[in-house]
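Presented below are the structures under discussion, each in the form of structure tokens.
You will see chain A twice below: alongside chain B first, and alongside chain C after that.
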Partner chain A sequence: MAEKTNPQEGTPSKNPARRWHDDPARRWHDNPARRWHDMGGDDAGPVPTDQHDFSLWEKRVDALMIIGSAKGYFTVDGLRRVLEDMGEDAFETMTYYERWIASVNQNLIEGGAYTTAELAAKMDDVARRGLTYGDAAGAP
Partner chain B sequence: MMQKVRVKPLMPPGHVRTPHYLRGKAGVIERSLGAFPNPEDLAYGHDAPALPLHRVRFRMGDIWGPDTPNPDDTLDAEIYDHWLEPADDAP
Partner chain C sequence: MPHDHHDSLSPSGHPYRADDDTPLSYWQTMEIAVRELLVEKGITSPEEIASQINTMDARSPANGAQVVARAWTDPDFHAALMQDASAATRDMGFDIGPLKLIAVENTAHEHNIIVCTLCSCYPRNLLGLPPDWYKSRAYRSRTVRDPRGVLAEFGVTLPDTTRVRVHDSTADMRYIVIPARPSGTDGMSVDELAKLVTRDSMIGTGVARQP
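Now for the complex of A and B:
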């Protein structure tokens, strides 16, 4: 599938792929049952080639995906299902790993790794440590 | 003689890996790859039966129309057996 945003940068880009709506020669594409992510054959636009380092939290999201699937809570197919069910707007407003953690979390809850109540309590606990890693390191 | 097949022109709303642009298109089975768990079931956390997976070869002209550049170039895609039907009428 064509990338509409640079997955590493997560920078929203204007999506040129929708121009087929205006092209009578390509109306075969204009099927309302076609899901938004199934974009093979669309104009892709330029491919961003710039790179950047991953931040710590992004690496942790990646690790969580590997651990969650290794323990059998879900598969890459479950990851993709939730990403695709988020809809097109999520690809314009969320970065790559923001979408991943949302999908990994939903799959872990569906798979029974933890409950929503447990997640809420843990998020509250973590938030109390402070906004930065430095704050957290100095927390009692 | 490679078997001619057509991708079923189905449009279910759920988790499907068969590309939209190939649905309804005819090609030939280039090779059969064996049986693999069905991602349509895996995606929802269900036990997934292993289903036959085939590598299907399509002519670019058959996918995109006769005006496409290099219409005799081919595209291979891996399609599960339950998405394919015989296409003996295909050119």
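Now for the complex of A and C:
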């Protein structure tokens, strides 16, 4: 087994070629630390031309993101951390604003706006109101 | 039939998100719960949320088009815009917020295109929310490696002699492309010129319309 060094200590490896950042021909694209969201340069198909109009619930998520941020409960970096930590599966299976409400919620809980128990009770209450968004969201 | 084909399109001709036609989803439930908790805690109010939605809805590429048309016709503004686009657009009355906005200008020799490879950063305070394709894997992945291929998909084919510059946006730094002024527009008013400025021309995936 190759000897490993802690990269933060900056100790030269005995086998520099094994380490990405010691390779003179290195490209960021091949950095093993590159995460899924850092997709610039990846291969991909044609740019999709589909476009949808934002639903009311999506606009509300956007507004909650702006308001929660403006009131100091989180920063854009906090939002991005949760989004990036969700991983690639979430990117493929959840819509954009589904990911955003998950991140806004996580950040609001961490910011002390409410507790997970309060969220669970409220979601349970909301889910009992009806079968559609309109029923559950109540009066506009 | 509950809906015919026509009813499945919005007034602007786009399909509604499928979520509108399906039972209440887990994430919609979370949105309602989060919103109501924030109101109950006194952190926000229904009025504030509605106001924020109206503010965002009011932002559109028409705002950016006013900026571009003025830059085409007002040399002092053009200089100020290229120097500090946040300050110059704020001075026009646009609510740019804390964004650092950078204007990049297309010329006969250079074409600029913007992307956010990491997520969806976009000059949203000026142009409104980004189009869906801007957030897609394909656009985010390929624009930095094959910008000419991406441009061709948008119908923009540039001569080999035109340099293409790709600008990768971040959460703190957003770009707007100032498209080249079309020929044959001498003497047109700012409002007439603004009608030639498309959303895509300010992203760099298009060019300004010919009059």
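Methods note: the second predicted complex is superposed on the first by the 100 of 140 C-alpha atoms of A that agree within 3 Å, B and C clash if a C-alpha of one lies under 4 Å from a C-alpha of the other, contacts with A are read in each partner's own complex, and residues count from 1 in each chain.
By our rule, a contact is a pair of C-beta atoms (placed from the backbone, for glycine too) under 8 Å apart; a residue touches a chain by one contact, two chains touch by 3 or more.
For clarity, every value in this text was computed on a predicted model and none was experimentally measured.
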{"item": "Which of chain B and chain C A:Phe74 touches, first, second, both or neither", "value": "first"}
{"item": "Which partner reaches more residues of chain A (counting touched residues only), chain B or chain C", "value": "C"}
{"item": "Partner chain(s) touched by A:Asp38 [first = chain B, second = chain C, both, neither]", "value": "both"}
{"item": "Which superposed partner A:Ala117 touches (first chain B, second chain C, both, neither)", "value": "neither"}
{"item": "Contacts of A:Ala102 with chain B and chain C, given as first, second, both or neither", "value": "second"}
{"item": "Touching partner for A:Leu64 - first (chain B), second (chain C), both, neither", "value": "second"}
{"item": "Common ground on chain A, meaning residues reached by chain C in one complex and by chain B in the other", "value": "38, 40-41, 77, 80"}
{"item": "Residues of chain A touching chain B in the complex", "value": "25, 29, 31, 33-35, 38, 40-41, 74-75, 77-78, 80-81, 84, 107, 110-111"}
{"item": "Residue ranges of chain B in contact with chain A within the complex", "value": "11, 13, 15-16, 19-21, 39, 42-45, 63-65, 67"}
{"item": "Residues on chain A engaged by chain C in the complex (per definition of touch)", "value": "37-55, 57-64, 66-68, 71, 73, 76-77, 80, 83, 91, 94-98, 101-102, 104-105, 108, 113-114, 118-119, 122-123, 125-127, 130-133, 135-137"}
{"item": "Touching residues on chain C, where the partner in the complex is chain A", "value": "10, 12, 14-17, 19-20, 23-25, 27-38, 41, 43-44, 48-49, 52-53, 56-57, 115, 117-120, 129, 131-133, 135-145, 150, 153-154, 168, 171-172"}
